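First the structure, in the form of structure tokens, and then the observations on it.
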Amino acid sequence: MLEVQGVSKSFGGVKALSNIELRLEKDERLGLIGPNGSGKTTLLSIIAGTIGSDRGRVSFKGRDITSVSPHKRAKMGIGRTFQIPRPLTSMSVVDNVIIPLMFIRGLHRKELETKSVAMNILSQVGLSTKAEAKPKELTQLQLRKMELARALAGEPELLLLDEVLAGLTSGEADEVLDLLRVLNNDGIGIIMVEHIMRAVMTFSQRIVVLDFGVKIAEGSPSEVSTNPEVLKAYIGE
Amino acid sequence: MKRSRAPLYLVILLSVGVALPIFFKQPYFYFASYIVLEYIALSVAWNLLGGYGGYLNFGTSAFFGVGAYASAYIFNSLRLPVILAIPAGGAMAALLGVLIGYSTLRLRGVYFAIATLAATTLVQSIVLNTPALGSAVGLYIRLPPPPPPYGNLIELLFATLFGVTVVSIALSYWVENSWIGRGLMALRDDEEAAETMGVPTFRLKMFANVLSGFLMGLVGAFYPLYIAYMEPYSTFDLGISFNVFVMTLIGGTGTWQGPVIGGLILGTIQQAASVTITSQYNLAVVAAAMLLFAVLAPGGLKGIFSKFITSRAE
Amino acid sequence: MAFDLVLESIATGLLVGGFYAALSLGLTISLGLTDIANVAHPAFIFLGAYLALALSQAFHLDPIVSGMVLVLPFYFLGNALYLFYNRAFERRGESSLAGLVLFFGLLILLEVGMASEFGVGLKAIYSPYGSVALNIGPLSLPLRFVYSFVAGVAAVVLLQLFLTKTFQGRAIRAVAQDAQALSLMGAKPATVKLIATGVSMATAALAGGLILAVGPISPYQDRLLIGRVFAVVVLGGSGSVLGTLLGGILLGVSENITTIYLGAGWSLAVSAVILLAVLALRPSGILRR
Amino acid sequence: MASNQSVLTVENLQAGYGGVRVLHGVSVNVKERSITVLLGTNGNGKSTFLKCLAGLLKPDLGSVQLNHDGGSIELAGKGPPEIVEAGLSLVPEGRRLFPMLTVAENLLMGAYRKSARKRQRENMNFVCGLFPILEERKRQLAGTLSGGEQQMLAIARGLMSNPKLLLIDEPSLGLAPIIISRVMAAIKELRDKHGLTILMTEQNLPQAAKIADWGYIMVHGKIVFEGNAQQIHDNELVRKYYLVG
């Protein structure tokens, strides 16, 4: 469904990504791991289109989307969350969810109907009690749930999750992971950037490891966790 | 419920404005009110991009002036009907909006603001160097006779500008409550996040800029008929841009009521003040008021007003 | 003959370029290094010019010297301005866009203040070199432009040395890149910006002296500079001090050549066209890769 | 080597971001002239801990005492500039160099601290001796260095402030093994030859264990184990927390 071919990117002379190849099948769960600064977030941004690549191409559902703008990619079915939540601060939580409903799903004619769809999504992530709150009143966990709700509102076929579990207790993380499994069963492909190893190792079917902007390993969680290159990057053996 | 009654209010308001000069004769009232209306309409137009989208236009006078000169040229020199010249003024200003927007709306907001300042200089230079537009000498406008039932040109101008103002407010109300307004507010908060939620940010900014420019040009298009003699320095005066910016800010940006309140109150005070003190100082008073508001009440009068309402309701 | 004219206009344009660089220095610091879009900078330059005029008249000083005398008071003025900006906008987390409100307001207040204090008419100061020209071969270069060029280039060089060779100067360049990392070095970002704004404003005093040396002044003339200083800053790459020199020369030469071929009426349009074109094509400035 | 004098005593430090507690009462002790390492995988609060020490994050509770010359200073709640003045310097996560300044200028930024300015030349020679590549690249923009060079520059910049205690957040991050060895050797040399006290975080257990005098293991914002290098290396928990953390 998603294909990243030979993507490179540098910022002011610093190579952030070099020659990355990545494939994702429909409804696959892929974990993207690597030390800090290894280019994971940059790769997600390139897939989402908010950062352009210097070289290489990205295709989605068989279409080359390398030069397609991010809002069109969102319409094609690519949803994302941000590493540090980025709420629309002047709007209530439910209005934050209404934005993708209006712009991705075109639900802008009947206000009440749109709002009830938004409320459904909020209750799906367990945030319906905070619907009328402003984002600045939310906790970190609630902000992350709101980001997830916004991404889900666009009915994505591919979900890019940037450390969606960060700052969550293990119980909360399990709750979110369960939700993600349900979504995945419904046919949503997921790329998860995550630092919490236990979570990413159990959740993902396949793991890709980046180190210094280079893909150093790829395979099943068990293959990757015994891969010498990976051990070197993580433990240094 | 509220929405279904809006068109009714609109029709009533329009009829009042159009009918008023027929029954109530007081030339000075119309001369002064015309300017207040002009500022309300310009502020409402400014708010479309500046208030909802957060991109500050410092070149209102450029759009206004382009509309004014385009319409003056069309009916004064080409001798085409005024009824054609007015929308043409709006269209020329909209075109200016396309040009500035295309080159700078992809950049940070600061650069858009600077570009609008530069655009003001540029169009002013063009007029100064074009004899057909009167250069620095200016243009004398051949004023058409007023059609009945209006006994006086200013009465007609008041009525039509009143109509334009009401329509602008209605448009602004529509933008605010439609997906366009929502998208603009989303991108004002965070452009990148808005993009990933499917908001076509550039297109919306362009739309708001062009619509805003069109309305400013439309307002400008009436100006030659009002002033009868036009020259580039006062037409493209930075003071116009400043007034509009301040009125919106003091009234409250990002709501359709804000610029109406700001334009009405500040515009009226200015008109009253220009009789008593010189126009130079009243600009300074406006600037000082704006700084106070910017620091103490960023939500503007509308913000203070709604805070008052909600605190009373609680 | 026509060739001489072109040559002379290029040479004058070069001189004017140094002058333009001096006018733009403060803006390249505030916009490029501290992210404060001070649209009122040209108005502050004129404030400097009027104060220099008063000083020159009172103490029979050369306008350029008066400008230099004002450098220190303007530094403190800049400090005060930053304190206000910081309290009212920056600390609330509002963007540089919100700061534009403040500076647009100051621009108008300064203009009105100067118009009422000094009158709307043209004011000038007599200087012994006001109408003298320096003759080099076929070229006849007005001495007042030669002096302002020298002063402008000197200011550029001094500022460049300050920004690269001193602790405070390097901190000013670092603050825009990573304010948090700067605090880990032991510098307070707000203090660094306070100094930067002071320096930016100090250049306005010098620029005011130069403007007075070059020709008569009147209030509202600052509006003729807004487009020019932004064009120079954007051409040279925002935040680049040496860039202002190149940007200034490019603008000065373009204006003079435009004057020859199209007439003096178009010279003001040159900076606007350059500014719009650079923003549309290469927003990071033509001198940056 | 390490004396018994404590340079840094952290007690019951609690901190977090926007209502989410990341550190749940961390106590750490750093002895003079020692290398103390804080181990743990990403997301366990190591960086947050160092941020609290350097003043980038205000702790909610707990104390951070910097002991020196008989007296001691409370650092908790102070801002980064004051903490740097007190003699503590952080080499931050992600290096945080000034990319548009040259290598030499980055180093000089490190010497911003008043007492370090006088010794800038001396310190410059010292760090260039430690990392000769920096001498070669002095005029190059920091943004154009390779990852390993950037890490060396970041450590060198931290040293330029002439600190009493140097904090390093993951010195081996993103570096090739051979470079890691070199960086670790340099850190060891700082302790052995120059008597510097170092507190660093690491995921890289064996490399860190080679040079560390004392180590702490942090899991979910708590210290779960402490001991000397050998004890840590032999501990069953350690293996368990890596990769399955």
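A, B, C and D label the chains in the order they appear, each numbered from 1.
The definition used in the following text is that a contact is a pair of C-beta atoms (placed from the backbone, for glycine too) under 8 Å apart; a residue touches a chain by one contact, two chains touch by 3 or more.
Note that the coordinates shown come from a computational prediction; the quantities given were computed from them, not determined experimentally.
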| item | value |
| --- | --- |
| Count of contact steps on the shortest path from chain A to chain C | 2 |
| Intersection of the contact lists for chain B and chain C | none |
| Remotest chain, chain D as reference, centres from CA atoms | B |
| Centre-of-Cα separation between chain D and chain A, whole angstrom | 32 |
| Separation of mean Cα positions, chain D and chain B [Å, integer] | 58 |
| Intercentroid distance (Cα basis), chain D paired with chain C, Å | 44 |
| Numbers and ranges of chain D residues touching at least 2 other chains | 99-100 |
| Overall pattern in which the protein chains touch one another (line/ring/star/complete/other) | ring |
| Those chain pairs that satisfy the touch definition | A-B, A-D, B-C, C-D |
| Partner chain D, residues of chain C touching it in the complex | 164, 167, 170-171, 173-174, 177-178, 180-188 |
| Chain C-facing residues of chain B, complex | 54, 56, 58, 100, 102-104, 107, 109-111, 113-115, 117-119, 121-122, 124-126, 128-129, 238-239, 242, 245-246, 249, 280-281, 283-284, 286-288, 290-291, 294-295, 298 |
| Touch list for chain C against partner chain B, complex | 31, 37, 39, 88, 94-98, 100-102, 104-106, 108-109, 112-113, 115-116, 223-224, 226-227, 230-231, 262-263, 265-266, 268-269, 271-273, 275-277, 279-280, 283 |
| Residue numbers on chain B that touch chain A, as the complex places them | 178-179, 182-183, 185-186, 188-190, 192-202, 254 |
| Complex contacts: residues of chain D adjacent to chain C | 54-56, 79-81, 84-85, 89-90, 92, 96-101, 105, 108-114, 117, 157, 161 |
